[in-house]
Amino acid sequence: MPSEIDAKKRERIVRRAALELRDGFYVNLGIGMPTLVANHVPPGIEVILQSENGMLGVGPYPFPGEENPDLINAGKETVTELPGSAYFSSAESFAMIRGGHINLSILGAMEVDEEGTLANWMVPGKVIKGMGGAMDLVASARRVIVTMEHTTRTGAPKILHRCTLPITGLRVVDTIITEMAVITVTPAGLRLDEVAPGLTPDDVQQATEARLLISDNLQTITI
Amino acid sequence: MPSEIDAKKRERIVRRAALELRDGFYVNLGIGMPTLVANHVPPGIEVILQSENGMLGVGPYPFPGEENPDLINAGKETVTELPGSAYFSSAESFAMIRGGHINLSILGAMEVDEEGTLANWMVPGKVIKGMGGAMDLVASARRVIVTMEHTTRTGAPKILHRCTLPITGLRVVDTIITEMAVITVTPAGLRLDEVAPGLTPDDVQQATEARLLISDNLQTITI
Amino acid sequence: MNKVYASAAEAVAGIPDGATVMVGGFGLCGIPENLIDALIATGVKNLRTISNNLGIDGFGMGKMLEAGMIAAHTGSYVGENRLLESMVIARTLEVTLIPQGTLAERIRAAGAGIPAFFTPAGVGTVVAEGKEVREFDGRSYVLERALPADYALIKAWRGDRLGNLVYRKTARNFNPMMAAAAKVTIAEVEELVEPGKIDPDHVITPGIYVQRIVQGAKYERRIERRTLRERQSA
Amino acid sequence: MNKVYASAAEAVAGIPDGATVMVGGFGLCGIPENLIDALIATGVKNLRTISNNLGIDGFGMGKMLEAGMIAAHTGSYVGENRLLESMVIARTLEVTLIPQGTLAERIRAAGAGIPAFFTPAGVGTVVAEGKEVREFDGRSYVLERALPADYALIKAWRGDRLGNLVYRKTARNFNPMMAAAAKVTIAEVEELVEPGKIDPDHVITPGIYVQRIVQGAKYERRIERRTLRERQSA
């Protein structure tokens, strides 16, 4: 049952990403897997979620019958508000993002390269859907974490020497979190900081096109 | 009693300026004489006053005991609100002004020249006070009317061939209203459209450095 | 000063073929449902639309797409429209996609009298191609132009006769900037009230930006993705 | 996440000599009275202040001027301070005056990540000297840079523990933009309330922009020009 394996992979990624949250952080979570990070906020940590359609303090999904068409997140999903939430226009929302007020943006990727360049919005030859707010977020969030499966469904590497798809942002990614590894983008290149239990650095390198530097303090991923 | 004569002059100017108001206009009135235009809105005309410190729908001065320190106009005078007033930030206020949403700005002048260039914020050698919002207003209001006494207190012309003081805006004035005349700025130069009762165009020209074109349809000022 | 129109049909009358029309909303949230229907009924053609999304097949701006009245569209995300694909391939629709924050700020700039500004979004991507890129304090930015419109169709929760508007929750989105960016802004509201009923401190769109206002006849307020959590048993 | 400070003195602690400090308010309306007093009490020197006005002799920022703690000031109007003249002549104070709308937009740009923008205000005047002037659609505009600060001292009517703020009437003025434009924003409020007490639709400054919040101990709220009308006899 590959879908169940995928679900477990994704949960591991999401749980590891949640450990990057810090108390008092304002965080923007991308559509899909990143949104799930909200379910795993560590105890004792208070984070405030921003949604780029104009909301701070995004709460959980509503109970049945309490959904409000006027209250959605950037993925167009019905959500709820919390005590201390605030609404604002799209111009104010992106002023907030562009102005560097978001501590952390977590989003998905099709490709990331050695310089932290990200491609996640367009596959030439397919009809384009649009970049939405991704270009603004990666350009200006104080820290950008990519969460993604380490390889494509056919096993091809997604962490590349150079991105081949049209890019979303040039040298924007700080950290890559996959089911196999946690990788930091450094001026010297990609540094392997953590590997999944049971894997060796070489296993990760085999699934990665870009050359990986191995951290002097290499850890096993603990979630 | 020169001050009483001045008061009458100013009232004539203000009353004539009020005739330029049109129903539905959003109007910004400068500090001093222009503020008084609000007292002479013609019957049947509804105008909404904007104050650049962040208010639409400025009402009259408050009754004694009803003044509110949080409710002032751009001249720092206590004012009141009206049904349908709105408050906003200084950035929004000048977005409104700069965006061309103000139909009419009425303000005072030290000098105006043949091209409609205005000087009203600084006299070199005196300590400068600052331009406040005047440069933004004259650059972007759809129509700019200058209300002023025709000459200085010593009788020197204020309507000049070229401004001599540091300017507030280049080619920004549409109409000049004084106690002697109503003058329109045209591409060909200043056109005398109306003269005060009892005065001839030549009387006005004598008090004016810039050359005046005489309107084919010259009128007497009626207020 | 009376900006109130009796019906959405009267409120949208006079929009000519080829006009540039902004439409408020994010997804299906905060869209001017009644004005969209009324605009389609006028039979106007070759519109150049500006909106973050393009509705979905069968609802919101998706209906305008189906009516064949859109010649060109500028937005940030059009992923919910299947019809779009065939139209782009058949070259009956020209689509320009730009970053959402750049879209929001370009619209804001148009209303605010700012002809152009620098932004970091899109530097090094296709978005910056052909545009000036300049460095400030060691970082690169792309010069973006204001994005104005002839008409804006927007939706607010409540409005008064003078055009003052308030919005509800995330239905605010692009509506306030569009109100300021168009020559003629047409607002539909769920509740039309007398001036003074809206606290002046709560007004989001001051009436100066609104030329026409109409109370919508009915609202479907369709939900695009109904996501729910389970009630925990007590 | 607790941004609440017990006193204005604690809230302004750590502002170093030479810091760039924005101060909210227009005239004496909406100024952070308690924070100004607390800042003077710290004895900090050589501040570079940014504020539309400079208070009046003996009140508001006028007190900071008298304390000799301001080395340079940027604003749009300083006409109410007599002390200013002698300081400018003695070259103990450097004053930069810019158009009020440019001041507001430069501060807004700093908070919004816009490094520079074009504006029509000041073209052809001393304000444009040494700056790039460019034509767009036949009209000339001057390029203006963002104006950020190390600290912003602002005043709101009501705020919650998360820093969400609402303002009252024209006391809003420059406060919201300054909140977003500083590295550290310190807000004083008349009423400090629990999160949830402010309707999320009414929030003007979302808490993300506020790092420290304090309830002011007392407010004089001095009126600069008390203008009144007479009651008509019945």
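Letters A, B, C and D mark the chains as written, and numbering starts fresh at 1 in each.
Following the convention adopted for this analysis, a residue touches a chain if its C-beta (ideal position, glycine included) is under 8 Å from a C-beta of that chain, and two chains touch if they have at least 3 such contacts.
Here the structure is a predicted model, which means the values were calculated and not measured.
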Inset, instruction - Among all other chains, pick the one whose mean CA position is farthest from the mean CA position of chain D. - result: A
Inset, instruction - Go through B-D and A-D and name the pair with more C-beta contacts between its chains. - result: B-D
Inset, instruction - Express in whole angstrom the distance between the two chain centres, defined as the mean CA positions of chain C and chain D. - result: 33
Legend entry - Intercentroid distance (Cα basis), chain D paired with chain B, Å: 28
Inset, instruction - Take the average of all CA coordinates in chain A, do the same for chain D, and state the distance between these two points in whole angstrom. - result: 36
Legend entry - Length of the line joining the C-alpha centres of chain A and chain B, rounded to whole Å: 56
Inset, instruction - Could you list the positions in chain A whose residues touch two or more of the other chains? - result: 81, 87-88, 94-95, 97-98, 140
Legend entry - chain C residues counted as touching two or more neighbouring chains: 105, 108, 112-114, 119-120, 167-169, 200-201
Inset, instruction - Have a look at which chains touch which and call the overall pattern line, ring, star, complete or other. - result: other
Legend entry - Chain-chain contacts as defined at top: A-C, A-D, B-C, B-D, C-D
Legend entry - chain C to chain A touching residues, read off their complex: 26-30, 52, 75-79, 84-85, 88-89, 95, 97-105, 107-108, 119-127, 157, 167-177, 204, 221-231
Legend entry - Of chain A, residues touching chain C in the complex: 51-55, 60-64, 67-79, 81, 87-91, 93-95, 97-98, 117, 127-136, 139-140, 166-170
Legend entry - Touching residues (chain side chain C, partner chain B) in the complex: 1, 108, 110-114, 160-162, 164, 180, 194-196, 200-201, 203, 206-209
Inset, instruction - Note which residues of chain A are touching chain D in the complex, please. - result: 23-24, 26, 46, 48, 50, 56-57, 81-88, 92, 94-102, 140
Legend entry - Touching residues on chain D, where the partner in the complex is chain C: 105, 109, 112-120, 134, 136-137, 139, 141, 145, 166-169, 200-202
